[in-house]
Each structure stands twice: as C-alpha cells, then as structure tokens.
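Lettered A, B, C and D in written order, each chain numbered from 1.
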Amino acid sequence: MADHLLEVRDLSVEFHTVAGPVQAVRRISYYLDRGETLAILGESGSGKSVSSAAIMNLIDMPPGRISSGQILLDGVDLLKLSPNERRAFNGRRIAMIFQDPLSHLNPVYTVGWQIREALTAHGTDSVTAAAEALRLLKRVAIPEPERALDKYPHEFSGGQRQRVMIAMALALRPDLLIADEPTTALDVTVQAEVLALLKELQTETGMGVLIITHDLGVVAEIADRVVVMEKGALVEAGTVREVYKNPQHPYTRKLIAAAPGKGKMHEPAPRAEPVLCVRDLRKTYGSFQALKGISFDLMPGETLAVVGESGSGKSTLARILLRLDEPDSGTAHWKGRDLFSLSPAELYKLRRDLQMVFQDPTQSLNPRMTVYQLISEAWIIHPDILPKAKWRERVAELLVQVGLGPEHMGRYPHQFSGGQRQRIAIARALALQPQLIICDEAVSALDVSVQAQVIALLDKLRKEMGITFIFIAHDLPVVRDFADHVMVMQSGSIVEFGTVRQVFETPRESYTRALLSAGLDPDPDIQAVSRASRLQRTH
Amino acid sequence: MLKFVRKRAIASLISLAGLIVMVFFLSRLTGDPAALFLPVEASAEMKDQFRELHGLNDPLLVQFGRYVGDVLTGDLGESLRKARPALDVVLEAFVWTLWLAVITMSLVAGAAVLVGSLAAFRAGGFFDRLSSIISLVGASVPDFWVAIVAIVVFSVNLAWLPTSGTGSLSHWILPISVLFIRPFGIIVQVVRGSMISALSSAYVKTARAKGVKSRSIIFIHALRNAMLPVITVIGDQAASLLNGAVIVETIFGFPGVGKLMIDSILQRDFNVVLAAILVTALAIFLMNLLIDLAYALLDPRIRH
Amino acid sequence: GSGPIKIVLPEEADLLEPCMATRSNIGRIIMQNVSETLTELDVRGDKGVMPRLAEKWEQNEDGSWRFHLRQGVKFSDGSGFDAKDVKHSFERIMSDKISCEARRYFGGMTVTPQVVDDYTIDLKAEPLQPILPLLMSLVTIVPEETPFEFVREPVGTGPYKLTDWTPGQQIVLTGRDDYWGEKPEVTEATYLFRADPSVRAAMVQTGEADLSPSISQLEATNPATDFSYLDSETVYLRIDHNIEPLSDVRVRRALNLAIDREAFLGTLLPEGALLATAIVPPPTLGWNPDVKVHPFDPEGAKKLLEEAKADGVKVDTPITIIARSANFPNVTEIMEAIQAQLQDVGFQVELKFVEVAEHEQYYSKPFKEGRGPQLVAAMHDNSKGDPSFSMFFKYASEGTQSGFSDPKVDDLITRASAAVGDERANLWKEVIAYVHDEVVADVLLFHMVGFSRVSERLDFKPTMATNSTLQLSEIKIK
Amino acid sequence: MTLQSPETHLADEPNFATRMFRMLLADKFALCAAVFLVLILILAIVGPNWLGELATKQNLRGRNAPPFDWERGWAWWMGADALGRPLLARIIVATQNTLMVAAGAVALSATVGTFLGLVAGFSSPGVNQVIMRLADTIMSFPSLLIAVIVLYILGSSILNLMLVLAITRIPVYLRTTRAEVLEIRERMFVQAARVMGASSKRILFRHILPVVLPTLTTLATLDFAYVMLAESALSFLGIGIQPPEITWGLMISQGRQYLTNAWWLSFWPGLAIILTTMSLNLLSNWLRIALDPVQRWRLEMKGRKIG
C-alpha cells in the first residue's frame, strides 16, 4: 500500500453556499505510482479541480471543507501536516499547473522572476535559478525566451501563459505533478512538445503525473490509467485501453461517443456579399509585430475557424475587431461601415451585434456579480431586447442551453469550475442576440460531452438565426465539425485560408500539415502507433 | 518617461501659477495687514503710511503685477513682520518640517505596512483585532492629548526626554512619536483592507503551491499588488505633514513651516504665506510626481 | 550669585527692532536689556518717572523739556552715546519711512528735538506735553548711524547685547562688560519660545528653563515657584452707542447690572483678578477709588429694561457680543457666561467669536455700515502709569475704538492731557467717574492677573510691567 | 447614476435585507458598532430638543465637577465643564452638529473626490491632467488658509465649515480612486463590459466603483475622525464652530487647557470621537466582507455551526 506515490482515500469536499452546502467531491479514492500518469476525465464541474486542489492544500477552508478522507504521499497523510511541513512539500515534491493561467500569475512580477522564485523558495541560489528559468522557458517553446523572462504576464498570449505555468511547475522536478488542463490553450504542435516534455521528465525522474483533461487524445497520448468522475463521484477507473475500448459506466460511454471529429464536414454556401471585410490589419507591441497584415472576408451565417500557433495573434485580432485595442493600420468594415472610425454612439449600437467570448473566462466575469446579474446586464445596457419581466425566465433558459441549471443563477463566478465559467460567458454572449460572435477558445475547457452540446447549440443558432461566428480554437476535431472556413495563422500572418474540407483534406502549407499531423486521436491504439512513428522520425 | 515628466512639469507649473494667483487675490480679501501690524491705537494716518510703505495702497492688479515681476526675478518679497526676505524665512522653517515629515513618514510607512499586512494575513484574529483597536484609536485621538501626556510622562515625571525645543537628537523623539500616531492608524487600516483583497487572489494560491514562505507571500506577492492605494494615502498623509504639523510644532516649539504658516495667515503676512505655499506646493507636486512614477513602477499594467 | 538663565516666552519676537520695543513680544526681550530709554517708570515702587539715560530733566520756559544725558555711556558697537543719538532715535521713530510702533504714543502732537550740546537735548512738543518725560520712557535710543529701516540686530546702550538669534529657536543676550551701570547678576539670558502654557510650566519644572513670565492659571499650583501678578490688562465690553437699543443709557446700565462679576473670580478667572471700574488698572495716575463697581442686580436690570421698553426703545433687538478667540484664558467660557447672564435679565444676546483680523474690524473705526447693536469684547493694556494712553482712544469722539461721542468727555480728556500734577490726576478721576457712572460708556469687567513660574534658584517677583518689559537686571540669582 | 437598478437586485437576492441582517448578527463587533451608531443617530436627532436646556444651564459653582458622582443626575455622570454644564448632556446635544459637519464633509468630499477620480482615471490624458493638477493644487493649499478665506468671505457657519473641510479632503479620494481605476480598467471583466456596449458611466459605477469602494469606505470612516478633530483645531484658532454652538471638536478644544487638571473635559468628547470612528470602521470592515461575494462566507458561516 505505502508504495504508491499518491493515494487518495475516501476524499470528500464540500463548499458552503447561502443555499446550503454543495458536495463538490464525494468519497473518491484513487492512487498513482511513481513514473505513472493518471488521467482524470470527467464532466465539467465534476470536482476534478477541487479534488486536486485538495491535494495541494489550496482549497479555501472555509468556505470549503474536506469532510472526509486521507491524502497520502509516500505514506504521509498530507492533511495532517503542519503548515510549515506542508510548505516544504509544495513546489518541491508536489507541483501544480493551474487551469486558469492568467489569474494564477502575479500580474506585477515578470515571469522570469516568478519562475526563479519557484526555485529560490526551496533553496536554489539565484544564479542557478536564473539559468534554469531560461532553460525551462526554452523547453516549453516560448519564443524569444531571453526577452520573455523580463515580460509581465499580461504581455503574453493565453497559450504562452499556460506554458509559463508549466515551466514554473516543472522547475523543481517534483515527485508528483498535478496538471489541471495543462494544454487547453495550446495549439497541437506545442501541445505535442509539452506532452513530450512531461514524458521525458517522467522517465528522467520517475515523476508521477496526475493530469486533468477532457481531451481524449491527450489521455490516449500520455496516460497510463484513467479515472472518470461525474458529479463529484468517481464512476470508473482502469487502464486507458480498458476504459476506451470497454467503458462500463454510461457516463463514460457517453463521453467517448461524444468525442468530436467524427461528424460531417460543413459545405459552405457559395460566397456572397461579406458582412465583415478585414484589410491589411497590423498591430505592434513595442517592436514586436503581433499582426502583420491580416485580410479576410466573412460571409453572413458562416463559421470561420481561426487556428494556428499559440501566440500567433488570434486573440489580438479578436480584440482589435471589437475595438478593445487600436490597430496600427488597416481597416475592417462591418456591413460596409468602418469599424475603426465609428463614433462612440455608433459603436454602442454596433456592440450589440458583435460579441465575444473571452479566452480567459474567470477574468472576464465580474467577481461581484451573480450569474443572473452577469447575463441580464446585457439587457440593462440594451433595454429594447427583452422586457424586464422575462429576464429571469430567459436567463434560466440560457443556462440550461449551455448545460447549467437555473439554480446557478444566484451564484458568483468563483463558485464555479473553469468549464462552468466558460459556459456562463457563452450564455452572456448569446443573451444579446448578436450577429457575430467571436469565440476565443470558447469550448476549450469543456469536457467533450458538454462541448458537443454547446457546439450543437451554436450550430443551431447559426442555422436558425444566421449568427456568424469567428471561432478561435486549437482543437482541430472541433473545428472540423463546426467550421465552414478555416484560417490558419502563424506569427501574425495568415498562412492558409480555405474551406474546412480543403484545409483538412488537402492542406497546402507545410505548417497546416504539421498542425494536422500533430493532432491526437482519442483511440489509444491509433495514438500508440502514431507515437511510435513520430519517435522513429525524430531518431 | 522623459516626455511624461516634461509634460507633467509644465502642467504643474501652470497649476502652481494658478495657485499663487488664487492665493494672492483671495488672501488680500481677508483683511488689512496694517491693522494687525500696528497696535489698535495707531492712527489712520500711521496705518495709511504703513500701507504706502508696503505698496498695499496700490490697486490690486498693480500689486499683483509687481509681485509677478519680482517672482520672475526670483524675489518673493519681504516678510512684513520680520523684515526679512520671505523665502529665507520659509526655507529656514521648511527644512525642519521636511526632516520631520520625511523621518516620520518613513517610520510610519514601514511600521504600518508591517502591521497592516500581518493583520490582514490573519483577518479576524487576535492580532488583527488588537492592531485595529490601536490603529483606530491612533487615527482618532486628538494629537495635543498625546503630546501633552507624553511631555508629562516622559519629560516631567520620568525626565527621560526634553519637553520641547530643538538641539539634540533626543528633542526629535517626542514630536516624531506624536506625529507618528495618526498616519500610522490610518495607513494600517488602508493596508489591511487592501491586503485582504490581494491575499484572496489566485496568484497567492500559485505562490502557496510553489511552497513560498508565508512571509514572502505577504510581503512580496500580495503587498506589491496592494500598494496602489497605500502609497496614495501615504502621500496624502505626507502632504499634510508638509503643510504643517501645526499642533505638534506649536507644542514642542518646533520651528517648522506649519506654525509659520498659521502665524503668517493670522497676521496677514502675505509674502510669507505665498512663499510658504510656493515651497510646500512644490514639494507636494514633486511628491505626487514620485508617487505617480511609483504606480507605474509597482504595477506594469499601468505603464503606458 | 551670578550666571546664565533661560527664559521661556509664549511668542517669538519676529523683529528685534528697538523702535518696536513697545510691542510686548519685542519689548520683553530688548527693552532696557539691550535698548535703553531716557527715562523709566518705576513699576515696583511709586517713584514715578526715574532717570535712565537721562540723569535729570526740567521744563524750559517755553514749555519744552530739557534732558541732561548721562555721560560715558557706550553703545554695544563701541560708539559713544550723546544727544545726536537721541535726536536720531526720535526722528527715526517719527519717520514715515519706517513703521515704528512707538510713534503711536506721540499721536496728535509734533515733537521737535533740538541738540543743545553733546549731553543736553531739548524736546519741544506742540501742543505742550506735560508727560513728555513719561513718554520718553517709550523711546529707545539707537546709535546715530542706524538706518531708516528695520534692523534685526539691535544696538543699544543696555547691559546686554544680542549674541545669537536662531529664528524659531532661541535668542541669546549676553552681558556687556562696558555697561555704564551696575553689572547685573544674570550673565547671559537665553530666550526660548513655546506657545503652549503647560509646556512652559513644565519646562521650568524640569529645569529646561528658569523663568516663564506667563503660565496658565491652572498650572500655577506650586506656591514655591508660581506667582500671580496684576498684569495691566483690562477686559471690557465696548458698547456701540450709535445703535438702538444700546443708545439708551438705561439699557447700558442694565447690561452692567446684569453681570455677576464676583461670580467669575476664583472660577473662570483667578482669585486675584480685580473688578474694573476704569479702563486702566489701579496704580495708574488718576485711578478713582470712589467709583464703585456696578452691583449685580438682575431685578434692577429688568426694571430698567422695562422702563426703556415703555419708552419705545427696541430692547428686544438681538445684541451681538463679538469676542476674539484665544484673546485671553477662558475667553469662550467667560463670554458664554456673560451671554447667559444677560439673557437671564431679558436681553436677546448672540455670541460671535472671530479671529484677530476680523476682530480688529469690529473694534476699530470705521465701523461697518448697517451693523446691528454690538458689544465688542476686548482687552486693553496700559502699564504706562498714565490714562492718556487709553482715554483718548477709547472714549474721545475721535478715538479709534470709541463707541460714542460726548462733548463733556472730549473736553475733560483734552484738559486732562494737558494738565500736570494733582490737577491732572483729578481731571482723570473725573473722566473715569463720569464715563463710568453717567455715560455708562461700556461694560468694564476685570483687571486681569498673570501667572509666572520662577525657578527656585532665581529671586524674582514679576510686576505689572512684566508683560511688556522684563528687565534682566531685576532678576537675582540665589 | 444607474448604480444598480433595485429590481435586479431584488430579483436575484429577494431577501437581501434579511441576509445582511443575518450577516450582521454573525459579527459581534459589527453588531455592537451598528447598535452604537444607531444610538448616536437617535441622539443626534432628539438631542438638542431633549437636553438643549440642560446642556446650556450654567453653574459657575459646580464648574469642572469631576465625573462618576453618582449622587447627582445622570447628566452629571461624566462631570461638568468649566461653566458647570453637565458634560454628558452636552455631548449628546453636540452630536447633531458634529455629525452634520463630519458626515456632511466626508460625504461631500468622498462623493466629489471619487467622481473626479473615476473620471480622471477613465478619460483622455488631457482631462486627467487637469483633474490631477487640480487635486495637487488643493492638496498643497493649506487647509487652514482655505478655512480662513472661506470663513472670512462667506462667514462662519456649520455649512461653510463643512464645505471647507470637504474641499480639503477631496484629493485623497480623488487620487486613491484614480490609482485604482488605472489598474482595474485593465481587468478583463471591464473589457467584457465594454464589448457588451456598456457606457463609460456604467463601467465606472457598476464595474469599477464596487472594487474601489471598500478602500474608499475605509478612508471615509477614518476621515470622520480627521474631520472632527480638524474642526476642533479650527475652533481653537477661532475660525471654526464657535460657542454657543457645540460640537465634540469644540468641546475638545475648550477642554484643552484643562488637560492636566480636569481631564474629563476633553476626554469624554474625545472618547465619543474615538468610539464613533471605531464603530464606523468596524462596520465598514464588516461591509467590505458582506458585500464581497468571495469573502462573504466568513460571515455566513458563523451563523450556523461548522460541521
């Protein structure tokens, strides 16, 4: 027994809310051995993050409470340690990659400093730490790592931040790594590199990895065993192969069935009058060119997927189109009107038509507003959309549509899981009944079953209401199922633009091909084969 | 950066000029210095001669023109009562005040940040309650109480410290201690509040996950994020010290600018008032500039 | 013995200009210590005007005064003292190029100094000035070279010279070896300034100072070190007779009868304070012992008010007492008590506290147009021994603080000012009685007392003049 | 200001008031503070009519009567002042003026300062520069001089005094608010609101202000003490409230000279100021938690037993 690296026994966690205690985790037990990777799969909001936070001793207690259980690391019950003993464990023996990188990085320190601190906090001298920090940033493929060390978190793209988190967690080569959705914001090529890095470290140090993910491909690629959670409880456990090939629990079956990338590809309608014409958009941050002349057209009612390298300027493009940032040059015409020369009053009218779901759901929700207030704010701002009497009803409806419940209306953002927050953000965007929604990694934090539901919802809205989507994603199977056109971006430029079919079946550019081939398949067997061939190629 | 400072300097000079113009005219609406300089029994003729002598009989605009002319040549006029250049009088006093303010505020800032942060770290705990009570009493106790009681206890009864005056290092202890109390009380509370929010941020969890010591979590991770309102309030408190710690200066016979300013205002010694305002305003403008630079230094998101 | 001492004063001198030495914060330091005068008023005994730099003086035929000066006197800058210095000092004081405060004592007259020889000088006053020798006790003598502008380093013939002045901190006077007179016991005096009375008291107690000429009544608890002294300040309410209902003498009398002056003594005021019957304190020439304090008679006051009302005087008009905050200890309480007492007999009284500059506007002419009936609470200081420094200003029609105009008063004041000897005393007595009993010009309240704390190593009794002159030579060291 | 439409509030937290009340019960300190403040408020309203007479009745023979003399009426329990007036009664009567000046000055300066700070932090550099230099100017204007000028020109009255004190306190709120706005406006939820088309007004008041508010409340409660004491300093110099009006500040300044002989004269009003400040601060600390959804559990948990 004691030879397991980590053993969780009978763990239950509950949270206090006004409405009474919420059982987030119910008596779950699992173990993890040295050198092994255990994936926790599960529905969004099923308690994955909470249970791993319990291992890190990061649940706010109160309002949270570990109501039962033991967490043994090498036979030592972590729950019984004094704070000081605990501190020595954190970082050095157990490290964690948080689900939500932006809010988990200290905004006022450079990332270099923050990575170094992980080392110096446990006694590394500062010279070594500096060298190590640089090495780590290189390992997670951050461009220009020397300069990146001196940048602040807000100067990075979503995926880059996530890599900074990873670098920080790996700094001390912990015995146990808890990775909470570590690759959601990474494009597939970078994702592959990061996963390879994890594997490499694992063979080097015998690190145990507890990976929380909803991406079955990632599971197939890296995990040895899986546990599946639903509504706070553990419903299934086994080796990856067993679970994939022969799922026992209905939820697991549903999950595997919902894996995207199997549907019919869209056949876009013939090109008509575009609603959005973007011409030669440029943006620089200091001397760094984030966008180098972006031009494209967007047809009404179509879905344009934007895929590409992490840090290639996708979010920047979205922010500029919504006038959250000013471009250096270029034009964008929405239904013939130049977006960049609108007066504030015109802009206000237009806001209603153009909506966005932000890449970082936690930060984009006002922490002081309830879900109801967050969603209904749209109608306060644009009072003609819905009479007040109907607000409650409509909020409930929207919540159900995105897979939440009306009972969530009175809760605040911090009381939700990452995926749930993302869904609130989607519901908020839908509340305005816009004509264009820019979804910046809007479904990346959702488990495949919920993801499928949300995608279906969006697709339905697209068909019924003619909503146009710009869908920024790195999850190629989802793109394949949902998009009409695909735009591939790399370092600030568009490298390929075409219909889904064209891009997926006859990619013209080498980068696109690299992307497609780096995609992971949910089937562990297929994935094993492709892994082997990849290894061969590199050797 | 340089451009920012230059713009700022120009704007500051304009407001400084505005301030002086305002004070010049407004103060002259508040009474006749002749009546105050001369005894009540002085004849109208004497008063008139006094005014003539000091150019107070000219139309206000003429007086103002003359004043501006003098100021541009670096002459801030003479003190009516002291028959000395107003600027000399003010600078002499200002040096004392500056030292008093700088020393006091450094002590206050250090102590208050320490106490406030620790209180926030265990909000609701014993130390928090204790420090709250102490700081709130400090913030609301009349300073002359403390001053007089301190003199009675430490100088008269215990004979440890001189009652008042200047001269040795020990003369500074009581005034600084008395001045310390109120800003300390206020800043502790501001630090505490700001730190409570900062400590509940997600990045604090990251730091804990990294195994960072509580001390660094408080004083490195959270504190810097909590500093914006804190330095603002420190600045405000420093400004009120620079503007004169009147009570303390009065009681301890400290030759600072606060008492000078009060006396000059009450005696309508306009040139001294104007010079004093000019000097303290310059100091305060400069301090605010430093504070604004500190914002940018503390929080990279504010840098433009 | 002899040695240095430290004196703590409430207020710093902003100038040490000899011609401003009549201002108490300046005079206390330099008067007779650094700068001397020709004559000097005896405040300890009753010798009247005594010689100082003048050895003797007499009145010439034409009414001018001849002063014979002391010989062998040297200024602290080494130059000798002679008649030209006196002439220069006088001209300097009277000059319009410099606002010397001492000049106010020579209002309404022209005085022409005439050097007779090195040590004799004639002063001719127009109109004739019987108290010119007394006035000369206010004229500080400076060397002939002194410019017509304020100096900050006084040069005088006194027993001390200024050796250090650190503004805001201290002033040091050091004894002179070449002083013409007797060498005082105090070799050096350091003046410190503390505005707070309890701090001043504490400083003497801890030995940081040896003498504090003014501490508060409340601090004066130690009979070994604390002394009270009549300090020549008189508190009164100036009545503005020009405005109804104060224009009616019955109303003014009622005001006087309504106030229970006795009740203040030993409560809000020290035991030793005197009830005033004149604007000048008792040792002054012509102070009239026959004038009796208005009795406390609320019934009488009410009756007078009713009478006045019956005659159509608008006694219900609200009257405003205007007082200066921090004018003297307990001023707010005293004024509040007076207000209450006046209200008790049926006056409508409002109370208004103002700061110095504003107070001055109410106190001195020209009075504001459209003002209501006002009582201005004020404190007047006369330690000069002669009422002429008060009477004209406070009671003559032309007086700057006078609230009324009465030809008889004017006439009496003019005559008294010109008279000498007993006649002068009698005329002043008459003025005082008439103003108090017939005109009921104002509400005279108290002659104040001050408290000083003197270290036990010193032998010093403060006098009425201590407020304005603090002669170091009078201080003995035990 | 559409700070918050009450309907939405009611809609999602139907029992807002009871919830707040329960949270108040959960914090003993805040509860005491609230009770004390309510008491003060009641005294402020009824005080002058109820005890006005008693508080001005002079008795020179009973001057400076010491406190804790249970033989006499309750009004004398705190002793009597220099005119023999019962201190307790005077403190009660003074409550009204004191609160009027303090609350008025604090409310005015906080409102104006916060508003200008929000505007400065959220508008063009030009406007920002103007507002900030204005703040610098006020800040370097000695408050005493403002007092002398305003009170000299406009005459001294409670209203003018309030005005003077308010003007001098504007810069703190202004600068604090602006500094916070600079940071908060970069937060993602503010941008999200902009995407929805929220007006600057809405963003400032609905999204940014609530985040700054706790700091401002802390400042405001401390300023209460500041204002009351400043007012006492002004009285002492003869430019503040003057007798026969009374405020706690004036009582303190009148008792100043008796500090070593009859401490109670300035002690009780001083204590009143301290207690009021402390209550306000405890309440504001409570409010900070009660209004912050992330912290609120601290209070809600206390109500029921954990476990």
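Note that in this section contacts are C-beta pairs under 8 Å (C-beta built on N, C-alpha and C of every residue); 3 or more make two chains touch, one makes a residue touch a chain.
The chain lineup, named per UniProt: A = ABC transporter ATP-binding protein; B, D = ABC transporter permease.
Since this is a predicted model, take the numbers as computed values, not measurements.
Colleague: Quick check: which two chains are joined by the most contacting C-beta pairs?
Modeller: Maximum number of inter-chain contact pairs occurs for B-D.
Colleague: Please name the chain that ends up farthest from chain C once chain centres are defined by their CA atoms averaged.
Modeller: Following the centroid criterion, the farthest chain would be A.
Colleague: So, what's the distance in Å between the C-alpha centres of chain C and chain A?
Modeller: Centre separation, chain A to chain C: 88 Å.
Colleague: Using the average of all C-alpha atoms in each chain as its centre, how far is it in Å between chain A and chain B (ABC transporter permease)?
Modeller: 51
Colleague: Starting from the mean Cα coordinates of chain A and chain D (ABC transporter permease), work out the distance between those two points in Å.
Modeller: Between these chains, centre-to-centre, one finds 46 Å.
Colleague: Counting only residues that touch at least two other chains, what does the list for chain B (ABC transporter permease) look like?
Modeller: Where chain B (ABC transporter permease) meets two or more other chains at a single residue, that happens at 30-31, 148, 152, 200, 266, 299, 301.
Colleague: Considering chain C alone, which of its residues make contact with at least two other chains?
Modeller: 198, 355-358
Colleague: Do you know which chain D (ABC transporter permease) residues sit against two or more other chains?
Modeller: Residues 148, 152, 186, 237, 259-260, 292, 294, 298 of chain D (ABC transporter permease) touch two or more partner chains.
Colleague: Go ahead and list every pair of chains that touch.
Modeller: In this structure, the chains touch in these pairs: A-B, A-D, B-C, B-D, C-D.
Colleague: Name, in rising order, each residue of chain D (ABC transporter permease) that touches chain A in their complex.
Modeller: Within the complex, chain D (ABC transporter permease) touches chain A at residues 2, 5, 7-8, 11-13, 19, 186-189, 191-199, 202, 206-207, 210-211, 291-294, 297-298, 300-301, 306-307.
Colleague: Under the stated contact criterion, what part of chain A meets chain D (ABC transporter permease) in this complex?
Modeller: Touching chain D (ABC transporter permease): residues 16, 18, 62-63, 65, 102, 154, 319, 322, 324, 347-352, 354-356, 358, 360, 363-368, 370, 372-373, 376-378, 380-382, 388, 391-392, 409-410, 412, 414, 425, 428, 432 of chain A.
Colleague: Taking the touch rule as given, give the residues of chain B (ABC transporter permease) at its contact with chain D (ABC transporter permease) in the complex, in rising order.
Modeller: The contact residues of chain B (ABC transporter permease) facing chain D (ABC transporter permease) are 7-8, 11-12, 14-16, 18-19, 23, 26-27, 29-31, 124, 129, 132-133, 136-137, 139-145, 148-149, 152, 182, 185-186, 189-190, 193-194, 196-197, 200, 228-229, 231-233, 235-236, 239-240, 243-244, 246-247, 261-262, 265-266, 273, 276-277, 280-281, 283-285, 288, 291, 295, 299, 301-302.
Colleague: In the complex, go through chain C and note every residue touching chain D (ABC transporter permease).
Modeller: Against chain D (ABC transporter permease), the touching part of chain C is residues 197-198, 216, 218-219, 263-264, 267-268, 324-326, 329-330, 332-333, 335-337, 339-340, 351-358.
Colleague: Touching residues of chain A toward chain B (ABC transporter permease) in the complex: what are they?
Modeller: It is residues 56-58, 60, 83, 87-92, 95-96, 98, 100, 103-109, 114, 117-118, 121-122, 152, 154, 165, 168, 362 of chain A that touch chain B (ABC transporter permease).
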